[in-house]
Every structure is written in C-alpha cells, then in structure tokens.
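Letters are used for the chains, namely A, B, C and D, taken in the order the chains are written, and counting of residues starts over at 1 for each.
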Amino acid sequence: MSGRKLTRDDLRNAAEKYKNWGKWGADDEIGTLNYTQPDDIVAAARLVKKGKVISLALNFDQHGPQGAKSKYPAMGRINPLHVMLRTGTDAYSGVLDQRGIRAADDIVVMPLQCGTQWDGLGHVFYESSMWNGYDCREVTSAGAQKCGIEKTKQKMVGRGVFLDVARALGKDVLDDGYAITGADLDRTAASCGVKVKRGDFVVVRTGQMEAKLKAGSWDGYPQIAALASDTWGCEVRPNESEPGINQPWHWITIPIMGLTMGEIFYVADLATDCAEDRVYEFLFVAPAIPITGAVGSPTNPLAIK
Amino acid sequence: MSGRKLTRDDLRNAAEKYKNWGKWGADDEIGTLNYTQPDDIVAAARLVKKGKVISLALNFDQHGPQGAKSKYPAMGRINPLHVMLRTGTDAYSGVLDQRGIRAADDIVVMPLQCGTQWDGLGHVFYESSMWNGYDCREVTSAGAQKCGIEKTKQKMVGRGVFLDVARALGKDVLDDGYAITGADLDRTAASCGVKVKRGDFVVVRTGQMEAKLKAGSWDGYPQIAALASDTWGCEVRPNESEPGINQPWHWITIPIMGLTMGEIFYVADLATDCAEDRVYEFLFVAPAIPITGAVGSPTNPLAIK
Amino acid sequence: MSGRKLTRDDLRNAAEKYKNWGKWGADDEIGTLNYTQPDDIVAAARLVKKGKVISLALNFDQHGPQGAKSKYPAMGRINPLHVMLRTGTDAYSGVLDQRGIRAADDIVVMPLQCGTQWDGLGHVFYESSMWNGYDCREVTSAGAQKCGIEKTKQKMVGRGVFLDVARALGKDVLDDGYAITGADLDRTAASCGVKVKRGDFVVVRTGQMEAKLKAGSWDGYPQIAALASDTWGCEVRPNESEPGINQPWHWITIPIMGLTMGEIFYVADLATDCAEDRVYEFLFVAPAIPITGAVGSPTNPLAIK
Amino acid sequence: MSGRKLTRDDLRNAAEKYKNWGKWGADDEIGTLNYTQPDDIVAAARLVKKGKVISLALNFDQHGPQGAKSKYPAMGRINPLHVMLRTGTDAYSGVLDQRGIRAADDIVVMPLQCGTQWDGLGHVFYESSMWNGYDCREVTSAGAQKCGIEKTKQKMVGRGVFLDVARALGKDVLDDGYAITGADLDRTAASCGVKVKRGDFVVVRTGQMEAKLKAGSWDGYPQIAALASDTWGCEVRPNESEPGINQPWHWITIPIMGLTMGEIFYVADLATDCAEDRVYEFLFVAPAIPITGAVGSPTNPLAIK
C-alpha cells in the first residue's frame, strides 16, 4: 500500500470496471446471489459429512457491538432492546390465569444491522443510484421499494468457503489498519486447500479490509454470491481515502457489484473446527428474516459440516 | 371427538404420561432438539437433490397476522413496525454526504412471536414450572434465565417431513374446529410416502389441531425434534376444554415434553412442490435469531430439496 | 361553500396572503407562539378563580385513535405500545431483591402524533419549504434540525379560549363534512361571551374544519398563538380540494403562518364545565415534551380555571 | 451522620411512622397529590407576576442521562430513541406527493423514566405492597392496574417552592455523598424567604439526598404534594444502608407516604432566575403524559413566575 489516498476518480474507475448492472436483467433485485445455481446447492449439501452445525452469530443482546453515544443524532444503532410482554413472574403471581394459559412473550427493538447481519442491496448507494441502477429514492421512509431484504428469502444457501487470513498469515489478529491484498487471499486459499468458485459464500476471518486494493484483488473472485467477515464492514478502518469518502469498498460492492455482504459474523468456532479437520468448505445456510422493505437483516448463519 | 371438555385432570394425566424432564440431564435447556443427532443431519443433507430452496416464512410486515385491537391491555403483539433510520431520500437530498457515504439503515420493533416463529421452551409454563422442571420465575422481566432461544443456536437443522393433512384428507383447508386425529396423521404420512423418525422436524399443513386427541395421537411420534404448522399455535381453536384452560396442547408440549414448536409457517409453496415431485422429506434449516433470553424468535425456515 | 374544489392556485394565493415568514426574524423557529407576551401570561393567570384543573388529553393507550391497518406501508402511526421493564409480579416473585429495591419500570413506543398532541413547525411543508422559509431538507432521518418541538419548551402557556362551535350551533356534533365558516366562529365567540385576542390559545370544539373558508375566516383572528381542536387535523374531512391536494389547511397554517396546531384534544370535560359556569377563558398550559428534533409531541394540555 | 448503616428495622420503623395508607380512602391512587386544594391553585396562580415561563426539563435525546451498558440485562433504560417515520428529505425527493401532502412524522422509543420525569405511585414497592396497601401484583406486564400515572392527569398544578440548598450552603454543588439534613432545609427555606406549606410542590437543588436523615427531616414538611430534584432519585448515593437495601428513601416515600417524586429536573435556569429576583415561589405546572398503566412519565415541568 503506497499510502496514496483513494480518490473519487479511483472510485469512478472501479465502478465502471466492476459494474454488474443489467447482468441479470433490468428487474433484478438480488445481484450476485444469482450466481448460486441449483447444482451448487446440491454439491454444497454433499459437503455435510460430520453432521456438525456451527453458528456464526453473536448472541443479540446488550453486550453486542453497538454502544457508545454517537455524535450523529438519532442514528439509532443501539444494541437490541429485548423486553418482555408477559413473564414467568406474572405466571407465578397468578395474574395470567384469567387467560387460561401461563405463557411468556417478548418483543425486541432492534436495528437491523446491530449484530450479525446481512447488508441488503438497498443499504448503500453510489451517488444517487442503488443496485442495478435503481434510483436511490426507492428507499424512502416507507422502506426499500426495490431490493428489500425479503427478495433474498429463498437464497443464502450454498457452498461456504472459509478463508482464515489471520491464521494463514500467522497472526492471531491482523493489525489495525492492515489492508489485505489479493496475494494474501490467494495464499490463504492455498493454505486452506480451497478454491473459491462461482456462487460461493466466502467467509473471511480478519479484522480489516481495504477498498481499493480489495477491489483490485477481486479480479479473480468476482463471481462469489456473498461475502461475510468478522468485521463491521468488511473494510479496513480507518479508510485510506480522501476526505468526504467513507467506507469506499461499500460504494462499489453493494450498489455497483450487487454483492450482498455479511457483517459482524462470529467465526471463532468455525476457525477452530476448520483448523482441526482441515476442511474449509461446508454447506452454508444463513437465511435473512424477510422483513419487507428492509435494507438489512439479522441472521444466524450456519456452517454445516 | 366426544365433545367432552378437557379437564385439569386430563392435563395432569397427560403431563405425567409425556413428561421428559431429566431425560437429557438436569441442566438441559433444549428438550427434544436433542433427538437430532449428527448422523441425522448428514442423512438429511443427502436429501438435497434438486438444489431448490423453499422458504416457509411469511414476510414480516404490517400485513402480518397480528392486528385487531386486543381486549388485553399491553399484550403488545403487533405486526412488525419497520422504520428507517436513514434513507435513500436523505441520500438524494445530500444530507448524508457529511459522513462520506450514502447509506440507508433501519430498525424494527417486533414482537418475537408476531409472524413465522419458534416458540422457545421458556414460552409456556405448566403451573409454576417450565421445561425440565425449572421454576417459571426464571423468566423475569430481564428475560429467560433458562431455556432462552439462544440455546438453540446450533440446532434447528435436520430432516424435515411435511405432512399435508389437508391434501391427504382431500380438503383445501380443514374445517374450523376440526381436530386432527392420530389416524389422520398416519394416513397422511402413508399417502405422502414418508415415515416420521426420531429427530425429525415435522411440518404439518392444516388449519387446526386439538390438544387432547393430539396428545393421545403422538404416542407413535414422541421423538420428533420439533413441530411446526401453518397455524397460530398448532392447536385446534376454539379449544375443547373447561373454562380456565386455554390452548391445552401448549401446556403439555412445551413445558412437559420440551418440544420446540414452530408457528405461522407458510407452507403453500412447499405443498405445491411436494405435490409435484411427490417427495415429502428434505433438509430443514430454520435457525432462530439468538436473542439472549428470548422466549421465541422469528425465523425464515428453509426446506432444501 | 360552493362546492368548488380547492386548487393549487387557491393555495398559492392563500400562502402569499398569510405568509408570516421573517416576521420574528430570519432565525425564528416558533412562529405564532411569539404572539404570547409576558403580560398575556400574567393576565391569563388571573383567570384562575376556581382552582379547577381540566385535562384535555386522551389517555395514551391501545384504545387511542390509531389503529386500522394502513395502506401506506411503514407509516407507523400505531397507538402507544406500553411495555413493562420490571413489574410488581417480579417483585412478588423475589427476583428483584438482588438489587435491594422492589420497583417497576416501563417503556413506551409511541408515534409522537398518535394521540393528544402538538404539531410542531417541522411537521408540514409547503412545497420544499418549512416555516420561515427553511429548506424542508432540514428535517432528515436525524430529526428536525430547525423548528424541533424542543424549541417550544418554554412556551405553550397563555390565555386559553374555548369555542364550542357545536354547542353554539345547537348540535351535539357537527355533521361530517360540515365546513365551519368565519361567521360560525364569530357567532360562537359571541355566544360564549369571549373575544379571541392576540397571543391566545384557541381550543375549538367541532368535528370538522375546512381549509379555504377557514383561511378566509381567520382574517379577523390571525394573531392567535396556537389552535387546537378535537379533530385529527383541525380540518374538514374529506377535504374539498383537487386530486393531489390533501389537508390543504395544513399547507398554509404550519409552514406559512407558523401556527402550532393541537390535535386530538379531548374537550368534553371542558365543554361541560364551560357550559356550567359560562366562562370560556382560562389559563392554558400544555407543555410539549421537548424531544430534540421532533416534529410533534404528545401533551397533557391543562385548562386551569 | 454517624456512619451507622441503615437497617431493615430502621425502614420498618420509618414505614410505620410515615404511613399514609387510608388517609384519603381505601380507593385512593394519588397519595399526597391530594394535599393540593383548589384554593392552593388559585393562590399559586396569583404568584405569576412577570409572565415568565421556565422549563425544568432536560431535552429528551441521546445526550440524556442514560447510557452506560448495564450489568442488569434488559433493564432497558436507554436514552430516548427518536426515529422519523417520514421526513423533509422524503418531501424534497417527491416520494410523498402521492398522498397530496408533504409532511414529516416521528416516533419515539422512550423508557418513561429516562429523563425529566415523575415517578408514579406504582413505581416502588415496600415488600409486597404498593401505595395505599395495594398488592404489588397489581403491576403486571400489562401495566399498573392501580396507581397508573394517568390517575394524576388533572393534578400536578400548584404552588412551586424552590429550595436551592447548594446555594444556601454556599456551594456550587453538594459533595458527592453529602446527606442533606433537616437543618439544611430549614436554613435554605429561611435564606430563600419561603415557607413550605401543605400542598406545595417542592423543587430541591442539590446533588444528593439521604434516606434516613431525610425521612427524619421531613417531620416538619410531611404534607407537600410532590418533591422533585435535580438528581436521579432524590436520594444520596451511595446509599448508607445495609447490603440488600438500595435507595431506601424510595422504599418509604412512594409506597408508604404516597409521595409522587420528580427526578432529573433541570433547575439551573430556575436557580438563576430566583437568585436574581429573590422570589422562590411560583405557579408550578408539570402535567404527566397520561399513559394508561404507566409507573412513570416524562414531563416538561414549568415554573411560571
């Protein structure tokens, strides 16, 4: 990394280079999830050999990653607020018996991107466009009229590939600000004995990513279905970009490539398991909760080996 | 059905008969989900032959099943309230540019049992006990200290079996108040060419169920992992029980048997597909969102064939 | 009312005629609330003679005016959802004692205009402008950067005048669609023995209002501080306007005149009291809850006589 | 203060001494608010001489007093979460025009005791009792069936008295842990030239209070209507009490005396004004938002001088 700041021109060039608009028709709302075909799903299911299920979700509670007071008013990314509507203590106190059943019930107030989650294709815009060239004004206070997360309802099943970059580079955790290169990913895949193929769901273990190099590095992997990692945004922080450009990787991946991204995945258990059995591929199932018009969704992603 | 009202004595007898407390140790918090073993998961994955994914979730939005004003104050089972934290119209208006990224974000206020969902084992109590004999006071305003839905995080994967009772009985929909008998289920399984086995996830298509007969009828199927249907509570309504007893099936299944139950599953697409290919078994993956201490969870259940 | 539909030209003319922009300086954010001066408050306090306090608020609960499923997705105007965070049943069950205090606590999910409430000046726009000519883009997903309801924090105190139009016209309730005329208001004021003065808070009892005539009718009363009524929007429904124009009165009053409006006021008790003592003026105190950046606020308005 | 820890016996004795149960009948739900009589309200209104309104509310926003992650799961006292349902940016983007009106709307998720607020009489229990001897099980997940804050709807108006203890003691702020004595209050009242009378609303400026001494000190003032201060709980922190007793002042005031308490009042502006004009009494109006069954309420308390 030369230290050169990423500019708007760089982004414009990357956008031209990686643009997938129209690739699956003018009406498409799911982007690279189209890459996964029925055969891929059948093949992925064949990877289940131990009958072991590994969850990649953090628990959703007040210990989640959100928290500090923000300088941005009303951004509202709090940890989930889980509140009971009826309780066992109500039951014990006898106050539910008028209903003829003793039951507890609950409600959650939950930003959709507060924990382990999918970014939907309505989440990020490039200038005034969203995925496939839709006008960003399709995402109003009434929700995403295009590319809502509910459109992925029958997707998010395929072959998962785990790239443990940190381990491959001999680190516990990548240094803050370390920008993964294409060579790093190649080396990781090689050391894990896997090849990333069209339609795969790639889960990366690292702290950081970097937009420009990353965009560069994906020349060999452009046809994955989705990308997920153990970071806030699959992106190196702080960003190496000009003032006025924040999280440049997002500018390209979501609205331009149509790449659904998974964030805040918890991969420690998966990493341990893969290190033990040396198998870095599995059946990946991570259904979004189909909240109509949502631009993201919590998920409990499962690696089934 | 004789029309005799189900009494508390009937429930007490059923509780004694079907009680699984202690079966998986005094510390168990997941009940019949224990039935599904690694071999079952491997075998279930082998059922994936077409590479087709069918979602059993209703979309989560204001058109959901909740709605009418309730006579119970503050019960709070509303349809999900999906609200934007940032929008594409903000982006278009230029008011996000100070952050260097144009992105939308959202939040949901969602009762955990407002749509397609799992009832956790903390959801229903038998007198002052919950599953495995835990004191119901473990479910406080701070959530379920035992049997929270997050305990199922690595579960909810196995062989799915679809019992299309309505179709087997030659109906579009079972009549309101029709109580499915054990014979109905046997006949359905036979007509579908499937056998329910230990550790299966059974999805029933019907409008109605009935507690007493049901409890009776499950003598042959007690070892399923979970049961789900296209109803509010896998239970005949109105209930055929004495005053003061409401949803008696729940009294037994959840706290006594430890049976996780799926409700408001959308099975129309699955029914169509099964009718076409005559295959009523599949890989079933329906991860709960692991909200710590929750007594239920929305889910997007997938039948993968 | 001739039955002629109100047109955009009519609105444009009304906007020009009643525009108060700049009247209290370019930085003003409270509009006609400026009319109420300290002397008015002192005089209003002198109206307190019986020591009687009459609330003009509906209780905030599930029996409130919101409710039917809307055809507008995610509009989100539900009745308040009041949920407990801790309860007396928790206390009784002993589960709070670890904290050394037995207390209940609660939370509300409440659209700010779901019940008795003030419309703030950020609530309605005229084309792309809000009160005093501010750009409507000042009201972003982060809230109202101008004219937030918190700016009224020390206002909402003054002389209240109650105009019981229904009673003055000899009706229990005005017919649906009946448009109050200026003459109706004059007649009401006369029959009540009150004169509306500069800086007053006028509370109108009626079912309906009408924009055009109303705008016309207020030539004699333009200097009130605020207007409140027992209706959804102080406006006749259905509106008598061209397609594409909804609630035209709001187009003028809030963004153009800077008139803070009170809605869904409960005036039955006040009406009874005024009919008995024949006193239609009182000290009016109706503080908004100063939620930063809000465009409305629930309130418990008090008429103190 | 001798440093002796407050014991359960001390509390039991205080409870016996100050118990007001039954004083206003067996059905009473508002306690000491009964002290304020119509004549008091008339007299209080006579105190309005400058026509000045001073708000005692903090703005309700993310900068409020809540915040740090709590070790108590799901306690849920967050700062208010204010979210827009429609915005000016929607208006600008033209996406609202189908409705014929350009308007913004908003919603709040707000713990009722997150900011400037009243503690209702359902908020704190003494053992298993609430105010007037009601069973604490009256406060269920469905809200307070007795003593809900809505019962105070026509109250919260009377003479306000401001006791600026810090100033009277020559301090900017009382030291953390300083326990105000009865003598301190007497001295403050004397230096402010006010006498606290039956039915008054007393606003105290200090950082701290102390339960036992306080309870002791109120022998001369037991008949106030309500007490408010600029603290979390009108109580010295850390509490000087045995393990297992937290906020002992609350144990007595709310359930035993029936004293509605105001917390987190912002009194800086009032302090400045009173120091200038040397007038420490005023018309006090602080209506609660009548949320049915609530055990507290945000309020915008007004001192009108």
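Criterion: contacts are C-beta pairs under 8 Å (C-beta built on N, C-alpha and C of every residue); 3 or more make two chains touch, one makes a residue touch a chain.
Because the structure is a prediction, the values reported are computed rather than measured.
Under the contact definition, subunit B and subunit C share the contacting chains A, D.
Hopping across touching chains, the smallest step count from subunit B to subunit D is 1. Computed centre separation for the pair subunit A/subunit D is 45 angstrom, with centres defined by C-alpha atoms. Separation between the centroids of subunit A and subunit B, computed from CA atoms only, is 27 Å. Residues of subunit C found to touch two or more other chains are 61, 72-76, 81-90, 92-93, 95, 107, 109, 137, 140-143, 292-293. Viewed as a contact network, the protein chains are fully connected, with every chain touching every other.
Contact residues on subunit A toward subunit C in their complex (touch as defined above): 72-75, 81, 83-85, 87-90, 92-93, 95, 107, 109, 141-143, 292-293.
Against subunit A, in their complex, subunit B makes its touches with residues 37-42, 45-46, 48-55, 57-61, 72, 74-77, 80, 82-89, 91-92, 97, 99-113, 122-128, 130, 135-144, 150, 153-155, 157, 241, 243-247, 250-251, 283, 285-296, 298-302, 304.
The touching residues of subunit A, counted against subunit D in their complex, run 61-63, 67, 69-70, 73-74, 76, 78, 81-87, 90, 93-95, 109, 137, 140-142.
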